[in-house]
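To keep things simple, chains are lettered A, B, C and D as they appear, and every chain counts its residues starting from 1.
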Amino acid sequence: MKRRLATLIGALLLAMPSVALAQAGSKGTLKVGVLLPLTGNTAWAGKTNRIAAAIAAEEVNAQDLAGGYKLELAIGDSQCEPRPAHDQAERLIGQEKVQFLIGEFCSSASVAAAQVANDEKIPLLVNISTADQIAGDAGPYVFQSSMQNRYSQQREATLLQKDFKFESVAIIVENNDFGLSFRKNMIDLMQKAGKKVVLDVTQDRNDTNWYATITRIPPAKPDLVIVSISAVQAANFVKQYAEAGITTPLFSDYPPPPRIFERQVGAQAGKIGLVRATFFVKSDTNSPAQKEFVAKLEARVQKELNEAHDVTYWDVASYDAVRLVADAIKRGGPKPEAYLKAMAATNIDLVLGHYEFDDQRGSKPDGLNFVFIRTGPDGSIEVVQ
Amino acid sequence: MFGQILVNGLVLSGSYALVAVGLTLTFGVMRMVNFAEGQSVMIGAFVAYTAVPYLGYVGAIAAAMAVNAVLGVILERTAFRPFRGVELNGLIASMGMSIVLVNVAELVWGTTPRPFETVYNETSINFGTVGISVQRLICVVASAAILLGLWWLVQYTSLGRKFRAVSEDHETAAAMGIDVNQVSRLALVIGSMMAASAGALTGPVNMITPDMGRTEMLNAFAAIILGGFGNVNGTILGALLIGMIQSIGAVYISNAYSTSISFALLVLTLVFFPRGLVPERVDENV
Amino acid sequence: MSRKVLLIAVFAVLAALPLSFGTFWINMMITAMIFSLAVFSINFLTGLTGLLSFGQAGFVGIGAYTLGVLAKQGHPPLLAGFYGVLLAMLSGFLLGLPAARLKGHYLAIGTLGFGILIYQLLTNSVDITRGPMGLIGIPTGGIDKQTWYIVMLGVCLIVLAALVYIDRYSSLGVILKMVRHDEIAAQANGINVFAVKLIAFTVSAGFAGLSGALFAAYVRFLTPDLFNEQESFRYMMMAVVGGIGSPLGGFAASLLLTMIPEGLRALGEDNYRLLVYGTMVLFVLWFLPAGIGGLIERQRR
Amino acid sequence: MSALELSGVSKRFGGLKALNDISLSVSPGEVLGLIGPNGAGKSTLVSCITGVLRIDDGTIRFGKRDIQGLPPHQRARRGIARTFQKVRLADQLTVYENVAAGLASRWFSHANGWPLLFRPLSAASIAAAVNRTLEQVGLVDVAATTVRSLPFGRRHFVEIARAIVAGPSLLLLDEPATGLTESEREHLAVLVKDIAAGGCAQILIEHDLELVGRLCHRVTVINQGHHVFTGTPAAAQAEPEVVRAYLGMNQLISGGADDARG
């Protein structure tokens, strides 16, 4: 607290910030910076991610999973926006003297952090953003453990054709990174598969009024509507889709978090029989490791934020990220070069699935969990594939 | 399909009009722009959401308006009265207030998007090919009613006369013995009650989140300017136009530029009518 | 005179800070000074000429993305930055054509529209800007923060000096102020109000574009979210807190309003710090109606 | 050869005719009084001459040139200067700065005007002109004070200084004596004569007929937008048409004076 007060005063007076400098991790403790949205409209996800990461760190320290080193997390509220993400990456590196970084949630923020990390030569693990090639574009110090858009979209395309009978599709996306890449990839995947794209709409991501778009669906007469829309907006869309009384089957890209989403628009989604892809869903088919994590996190969230929480893919990814960092340290030690080599050689099973990286430092999709789920009329979730 | 587009436009227009009229009233009386209006919408939506289980929908709307009335008084004290005459400072102050309001909301209600369910969401009415949920029908009807009420208030009540007198000229109004401070406070109170109703009426159509209300406010600005700043009738006309243009433009032009489209229309209009479609009175003594 | 000494002392301290500052605070100072250029563009446009603009982020974005896109295509960064400023000025001129006919709030909202249009263009024209996927690895690396800091301080000093000169001492300043105070009187004294406004828009857009180009060159990544309307509002907030007519105040405000939120992180990584921040802005406006610039003026008189 | 010549000038606002077939001329060094009841169209006429309003019929010649097509700033650059009924000064600026602004019409009339704008206000050429004018108008003592802190009367003189600093060939004075003290009024009289002596043509709009009688070589009387009479002040007294207008006017004059005080 004293140091924090010092930071405050140091900043206010623009005084010699040497007082504000964090003492670098003493021998045996390594500082890992975690970039998360803790304020702003995605804070609800960030808050639980933070707890998930904390749990991972505790386990690492308790079970000595980092080769004799202890991990200490330093949190930066990067607000899911590029400018704060840039400044927080700078702060964690310059002030908190972290040796490793994890984050961020939104791709625009991750891009910012990736640039800083690569310039400052501090390894960053992008654990949640799914934009293609963040690591490849940013440079040798950046890895991406989340499944990139292009892979998930290929999976979705193939699964779609197994699960649905359709000749023509309407493709509706939001103009954010996954929306736009989804549109591009999905259109030619569909055409390759000989399906007709009868409607193709991109809507501005700040525009919560989907009626205009929905109005265009019936005249286009698609057999199937597939959408890629961010979590909140997806809820808006489904709500308005159901309200418009359209019966065309609806498939959604991964963003809406299972169960939380059902709590919001479960009834409407059930009415439509919404099917969507997801990286993780809490269900009886979960592996023991997953069941254990779910129990642990939900209890902890109940205790700290005192709210009933349903574990999301983002929570799992945050937990796994810390474990991945620890594992790389264990095998390579904290020296950047060795650490990066070790990270590249990663081959480990964690909660979400099996992690390996390709030569572009992006995670290989094969090992990772990816399923289709359908929302039942009562808002329940059944795993389709 | 076109009928459906018009209906969508009408719903949009309704919510824009409620926000815009609130803004325009404040501006007319105080010559100041309330940048926290969007956040007033948000607060209204959340209050209504919280009150629905206890008071029912109508009661919830009332509760939201009541709370926002208080909010209006607070806004007038913190962001407007101290800055009469230096309106740019007032504008920035209301910006500061909007930051405060968003973060208060995030602390009170959290940032998880909330579904604001009313019984009227489920059922919907169809006129031939044109369908509309009862909730959105309520939006249109209620906003029309509220706007009518405001119009009557401004045109025919003594308060309305005061409003108009003050908007014409502070000094004269003060000389006529009108308490300008009181009138300004009332303008803000009514303004943020309007915002509350907008939030409570459109809230159930979407998820409600602490960062909602921004787009509404931007479009409300467009509507106000289009109509002619400080002019209630003009503003309603402007809102109607913006809503329709957006709904039509989204279908026939592009949906990725919806806000731009309304502003493009706005700028085009301003080129020909630099003071909006229904200009406010100005005398430039040369 | 003592005031001049004080000023020199202040900038001497600023120049000496990197020696003692950690890289993070240097980084914040650099970004703050890049901000201040955009704030200057408002000082010039609104403070001096009396033209409100809520679309400055649009110009910043144009400057930034021109540098980003061209530099990634392999053009020399300096040249790319130069084009960025030029393009910003051109768009400032084009915006001025309709905007110079507008007054007060009509102008404010019209320019706000321009800002939104640019933002949505940057987001949607994926083939050029890569849209929300963002540009990364803009080839302007290899310059260390100390150098950046000194360069920015230099740039700011030059622009600041130029603005203060125009404002307080030059013939141009009087003409701009005439346009601000009373267009009819200005005309009656042979001033072509429309032309002056057009030039004001163009020059101010140039400052904003420069800010953008420098930002892109410094952080080396770009995404459209950096240039949405909220950003324009932030510039305006800094300008007003600094005292709309005072570039010096604007400079101080952009430093403080960038530093303080970071300092407030000591309160914790949650909403409370932003609450404090918002309230603080209110307090400044209550107690310094003329902004920080007002304080400086008081020293002056 | 007259400095300014209006012939058959008419101006309509929608239905009503503000000016109807007005002709007048004023030659270098001459002071023409323009009088008439409030709402007679005096200010409208001034606006037509300065170009704020476009005329519907007739011609306006300034020197050798027909200036109807020109916007206000062009006319100012060609040497038409004016003062305003309601003083229009930048009141946060100093007297010196306000007067210097009057030189704009000269700066811009240079082909290479723009570079000039970056000279300091204290540049010799500017200072010389401004200080000369300040002396002529008698504002040297307040050169460095802001207009805001000047007594109302003296602001009129600042405006006059701003108008004449660039050496115009036509000066339009719109009710300059309103709200002046007796001594200021005398000072104004001297000033007007002085300017005339410099060869500048002047049109003086004024309610104070005594002042008009004293200063003007000729007076033009207009009433409800119609030209009533032009001739020497003395002749004007005798003219029945004018007297009738006067009777109407006298009340209005007092009325006008009241406005000025209020």
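Definition applied: a contact is a pair of C-beta atoms (placed from the backbone, for glycine too) under 8 Å apart; a residue touches a chain by one contact, two chains touch by 3 or more.
Everything numeric in this text was worked out from a predicted model, so none of it was measured.
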How many steps does it take, at the fewest, to get from subunit A to subunit D if each step moves to a chain that touches the one before? 2
Can you identify the chain nearest the overall CA centroid, using each chain's own CA centroid? C
Where centres are the averaged C-alpha coordinates, which chain has the largest centre distance to subunit D? A
Rounded Å distance, subunit C centre to subunit D centre (Cα mean): 42
Using CA atom averages as chain centres, what separation in Å is found between subunit B and subunit D? 48
Between the Cα centroids of subunit A and subunit C the separation in whole angstrom comes to 34
Among all residues of subunit C, which ones touch two or more of the remaining chains? 120, 123-124, 184, 271, 274
Using the touch rule from the top of the page, what residues of subunit A touch 2 or more other chains? 39, 175, 202, 204
Among all residues of subunit B, those touching at least two other chains are 103, 106, 256-257, 259, 286
Of all residues in subunit B, those that touch subunit C in their complex: 27, 33, 35, 78-79, 82-83, 86, 88-89, 91-93, 95-100, 102-104, 106-107, 218, 221-222, 224-225, 229, 256-257, 259-260, 263-264, 266-267, 270-271, 274-276, 284, 286
Contact residues on subunit A for subunit B in the complex? 39-44, 175, 201-204, 206-209, 211-213, 215-216, 218-219, 231-232, 235-236, 239-240, 243-245, 260, 263-265, 307
Considering the complex alone, what residue numbers of subunit C touch subunit D? 166, 169-175, 177-178, 180-182, 184-193
So in the complex, the part of subunit A that touches subunit C is made up of which residues? 4-12, 14, 16-18, 20-21, 38-39, 75-77, 81-83, 86-87, 90-91, 93-95, 107-108, 111-112, 114-116, 118-119, 131-132, 134, 137-139, 175-177, 180-181, 202, 204
Touching subunit A in the complex, subunit C uses residues 17, 20-25, 27-28, 31, 120, 123-124, 126, 131-134, 136-137, 141, 219-221, 223-226, 255, 259-260, 262-267, 269-271, 274
